[in-house]
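Next come two complexes, and both contain subunit A; in the first it sits with subunit B, in the second with subunit C.
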Partner chain A sequence: MTHSPDINDPEILKPPARKRSWQQKMNRLSPYMFMVPAVVIMAIALIYPLGYMIWGSFRDWNPSQSIGEAEFVGLKNYITLWGDPNFRESLGVTLRFAFIVVGVEMILGVGLALLLDRDIRGMSVLRTMFILPMMIAPVVVGLMWRYMYHPTVGTFNRTLESMGLPKVDWLGDHALLSVIIADIWQWTPFIFILSLAALQSLPRSALEAARIDGATAWQQIWFIKLPLMLPVLIVTCLLRLIDAFKVLEVILVLTQGGPGLSTEILALRISRTATEFRELGVAAAMSNYLLILLLIFTLGMFAFTRWQEIRASRVRAAAEDAS
Partner chain B sequence: MAQSTTKNNSAFFAVIALMVFMAIGPVLLMLVNSFKLDVDIISGTSGLLFLPTIQNYETALCDVLWYEPEHLDFCSVKFGGAFVNSLIIALVSTTLTLVIGSMAAYALVRFRFMGRDTVSMTTLMVRMVPPAVLLVPVFGLWNNEFCLDKEGFLGGMIREAFGGRGDVCLAGTHSGIILIYVAMNLPFVIWILQSFIVQVPRSLEEAARVDGAGPFGVFFRIVLPLIKPGLAAAAIFTFRIAWNEYLLASALSDRNTKTVPILIVNNMSEFNVEWGVIMATGMLLAIPPIIFTLFASRQIITGMTAGAVKG
Partner chain C sequence: MPRIQLEKLVKRYGDVQVLHGIDLDIEDNEFTVLVGPSGCGKSTTLRMIAGLEDVSEGEIYVDGVPVSHLEPKDRDLAMVFQDYALYPHMNVAQNISFALRLAKRPKAEIDAKVKEVADLVGLTEFLARKPGALSGGQRQRVAMARALAKDSPIFLFDEPLSNLDAKLRGQMRAELALMSQSVRKNMIYVTHDQIEAMTLADRIVVMHGGYIQQQGTPKELFNNPANKFVAGFLGMPPMNFMDAQIEQRDGATFVTGNGFDLQLHDASAKAANTHGKRDVIMGIRPSDLRFSEDPAPHRSLALDVMVSEYIGAQSVLMCKCGDSNITVEINSEIPMALGETLTFEVDPARIHLFDRESENTLKI
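Up next, the complex of A and B:
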């Protein structure tokens, strides 16, 4: 996103005047011809459905009606939801899940990256193994962990038993914790890989200068590496946070939202309201609450990257002035 | 620095070993269990002392096997059909997303045109939309609005050719699921490919233009071959989502267009889980992504860093 303006100058693209005029017209139209398929598909299958959903959230709408037949009820769905303790509980679970998961993953991922930032042979093999969990279907991840958490035949309880320790009711009493552990297993590698890439692209000169000045390993990490990595880390963190609100399949397979509402995150509640309770209007209103939440994080990320760009260009300008 | 490295070495390798164990342990566990009989899984004759059997895979694949497995009276899982559905949906939607997405990314990077900023901003914003949010509108639209009247010309033809009752709707067809997957993945693909197209040297395109190539010739013959690594990364991520997605597929598919994740969830929610068979199905679903990871991990990592860092 930081290309200099002259590269994008349309003048360069204009054909010489001697060429025929239909070709000129072609060239003027070509950006639209490149854009049209994507714009049409996104308009039909993303933008229109989103608008349809917002429209539907103001209606008392069940799956057997078309949207035109549904009665207009104004903000009723939103107000009911806001007063609904179950919705609030679900919102609380979602926020708790997202922030705990991202917090732990950031600490583990960055920590491991700092630890493993050395030239070791076979690093690419290691990285391949670490990205494996991310590539496997969430449904399968849920399946594996459901087996391991199984109260009698599961790996964890068997291990505990063989060590003479009491069994733990993983998916019962500690359902949220179990779901969080499974997600941490799957997504810590994401943060690890990104922070490792950030670490290895740090300017060597700064690190060497610190080493020559006699900084300890901790001082290097705390005063040089982390501050320099910070921009990447913040973007990674926000990306991961947005993704954490999308998690659904793992929890669906592991606990189906239960016991009670203890692991029913918003995405799961939306799908249950729509398919089991058959209240599409309420589900749409709930989707809008979730969208607003995500919008805040996304805008935060934009604001941050924009601010970074402005700062970087100011630093560059200052450096040019000085030279 | 040197002496501290040697001192920490054993601890360092212990950490690495632990990480590797944690990362692939559950996958290996599933692999091992998929070769066990349910009796062995439940009785817990622990570890690796068991007689491996492919019975679970036979049960899962019973509808495509050329022989009838002895232990089965009735073929209930029907993995083969779901696998074909998954394959069609994932491959077609990945191809479409890549072609359409790379064209859009090229236009956004190389041309200045009216509406460019709007498109680029919208693309970035819709990236955050979770599939669960699309569930309600897609369910409504695909079943009610994106339909052809059965009395109409085209709808009538389709009804005559394929049979069935009611209007011809997108829900329940492969195209319906493919459409939503393409739309869902486009923003991400456009975003990631932009950072690769920016790096293509401008002079190459201009040279081709001087030689008389049109805009599409330049794009398909010059630009696309040069961004192969980016395309590979984008393809893997798109395929991964289309292959693994459950929620929207379950809302949009019918009996004949079920994908593998739906099959697994349906078999899981039953009270008595047949662990061996379900692990075998899970393993079969996980094999394509595992193969990608083993052979294209470099592209995956490039794609991940390009997607996150160059935002």
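Up next, the complex of A and C:
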């Protein structure tokens, strides 16, 4: 008869002590090990330049100097900027541009989505065509619109001329309006596809119930569709605002910020301050102002989604209580 | 209350025809249940009455007026949906009052109505809650209250109880039956559940494959099914069917098959003989077989008990008779063992005969 080990002895069930602790350590570390490559890339591509920019914004810094040679001036760059009418003008242009384009894009995008949310033959082709502008590189969009706005050979003025109407100085007298139109053309589709997705995920039967309850098409939009789409619309709006504050290429190609400062949005002014005026410190400070503005919007968006999650979980808890 | 008539109603989706000319008259104050398996066209019929689906052919009349071209909002009806279809962003009171607010009724009237129907369905303390914060049964009540608040003469239900659990479904069914007595309206109710149909309906309309199979009171349909489908669809456990032959012997008519030889009573014998059919399908309900130790000749079946399902006072036995499977409902007190052969007596008046080709009931 062979002696079999007593399986109830707890010591037998344990693996050798040293091996186990090493394995446990590895298990605990493995998630971090997988994250290391991403963290390294983030550090090089984001945190380092960001720190560099913040550090540089406190210095009187010329591109011919290395950052170490630049003189430390404290908050001087920020204070000068705040008193600089050109900077304020540029900030004003940026704010006007961003809020007007996003406002109009929201109305058009949501309106289009409401119109096209139906089953008609060929609708999928139509939808694809609607989102094409968004896929074109911004520089190309800028070039395209520059040709169309051209005072003599541009499509718009030639059309006006052929109809016997006076020409319009698109990129001169109406420069801001013209860049706004170009941006609306490019980015309305973004809001359109997100609104359409939101619309199509609405509960169909609630809309049918509304039809039976006597709601007209407008009342369905106003009382049912829009309120139910609202969470998506708010996030879409914030995303677009954040993006609109950073717009650069289309305006650079269309007007280079002119005439005067009429279309000089912040991103353009930052790049000109750094390259033409050779004031890296001021440009960095300006970037930080923009960054703070965008952070406010981003935090607003996070706060909104967080608030939604909390509310949803509270409602769920109430439903569980009720059942 | 209006009279609803469907005349040769046809519905096509592309090339697929799902309704083949439905003719139906729904009388005043009637609780009509459309019942049938999934895909039989019952929900489509209801949605066409509601105006949520277009009519491909035929016409719907309400009090003699054609309505099939009207929008749902112009048909003056209320509907309860399977998934409740509540407005998630409105609280219970707003959900209930939505139709009234759209109709721009005075505020005092709206408040009074909301209070009245909320009382009726027992929702008064939940008026400020959003649908997300309610249980399934409460949401169902909100849907009901919303439909009631509209005061429409026509009330449509599209499988309103099928998203509830079994216990709640039974409870809501009873409440619905109670409500339908106090609220006199034309109610049209769609379900796939034959128990709901039997318990709630003044009149059942059995549908299958886009056709109406039979309509009548629950009793009529249960006792005199028009064909094998209706016979098998209504009643739980379902009717047993066996292939059989009609035989004339010694001046009497018998229905015989593998494992049985039963004498028919006069009416069914006459029906069988009028049609001159030899090959039939015999149907017997599980509840019509009675355990008997000393049965009369040619009035009983010998069954081998295979499985016994004990469900309390009653047990359901799965048995073999020749090569057919037969279900029997018996009192659980009757002693029996699996594998045993028991004899069951059947009242000849309770034997149903169907034509084997058309599957229609053989009638005189």
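Operating definition for what follows: the second predicted complex is superposed on the first by the 296 of 323 C-alpha atoms of A that agree within 3 Å, B and C clash if a C-alpha of one lies under 4 Å from a C-alpha of the other, contacts with A are read in each partner's own complex, and residues count from 1 in each chain.
In this text, a residue touches a chain if its C-beta (ideal position, glycine included) is under 8 Å from a C-beta of that chain, and two chains touch if they have at least 3 such contacts.
A quick note: this is a predicted structure, and the numbers were derived from the prediction, not measured.
J.: In the superposed model, which partner reaches more residues of subunit A, subunit B or subunit C?
T.: B
J.: Contact-wise, after the overlay, does A:Pro63 reach subunit B, subunit C, both or neither (first, second, both, neither)?
T.: first
J.: Quick one: classify A:Trp222 as touching subunit B (first), subunit C (second), both or neither.
T.: After superposing on A, A:Trp222 lies clear of both subunit B and subunit C.
J.: Taking the superposition on A as described, I'd like to know which of subunit B and subunit C A:Leu143 touches: first, second, both or neither.
T.: Touch partner of A:Leu143: subunit B, not subunit C.
J.: Check whether A:Val315 is in contact with subunit B, with subunit C, with both or with neither, and answer first, second, both or neither.
T.: Only subunit C; A:Val315 stays clear of subunit B.
J.: In the superposed arrangement, does A:Phe297 touch subunit B (first), subunit C (second), both or neither?
T.: first
J.: Determine, under the contact definition given at the top, whether A:Glu208 touches first (subunit B), second (subunit C), both, or neither.
T.: In the superposition, A:Glu208 touches subunit C alone.
J.: According to the stated criteria, A:Phe72 is in contact with first (subunit B), second (subunit C), both, or neither; which is it?
T.: neither
J.: Please write out, lowest number first, the residues of subunit A touched by both subunit B and subunit C across the two complexes.
T.: The overlap between the subunit B and subunit C interfaces on subunit A comprises residues 211.
J.: Would you pull the subunit A residues touching subunit B in the complex into a rising list?
T.: Residues in contact with subunit B: 1, 3, 7-8, 10, 12-13, 15, 26-27, 30-35, 37-39, 41-42, 44-50, 52-53, 56, 63, 66-67, 112, 115-116, 118, 124, 126-133, 135-140, 142-148, 152-153, 155, 158, 185, 189-190, 193-194, 197-198, 211, 217, 232, 235-236, 239, 242, 245-246, 248-249, 252-253, 256, 266-268, 270-271, 274-275, 280, 283-284, 287, 290-291, 294-295, 297-298, 301-302, 305.
J.: Sort out for me which residues of subunit A touch subunit C in the complex.
T.: Touch list, subunit A to subunit C: 203, 205-206, 208-216, 219, 223-224, 227-228, 230, 312, 315-316, 318-319, 322-323.
J.: State the interface residues of subunit C toward subunit A in the complex, per the touch definition above.
T.: 50-52, 71-73, 77-79, 81-89, 98-99, 102-103, 126, 129-130, 132-138, 146, 150
J.: Of all residues in subunit B, which touch subunit A in the complex?
T.: Residues 1, 4-5, 12, 15-16, 19-20, 22-24, 26-27, 29-30, 33, 41-42, 44, 46, 99-101, 103-104, 106-113, 116, 119, 122-141, 144-145, 179-180, 182-184, 186-187, 190, 198, 202, 206, 209, 214-216, 219, 240, 243-244, 246-247, 251, 261, 264-265, 268-269, 275, 278-279, 282, 285-286, 289-290, 292-294, 297-298, 300-301, 304-305, 308-311 of subunit B touch subunit A in their complex.
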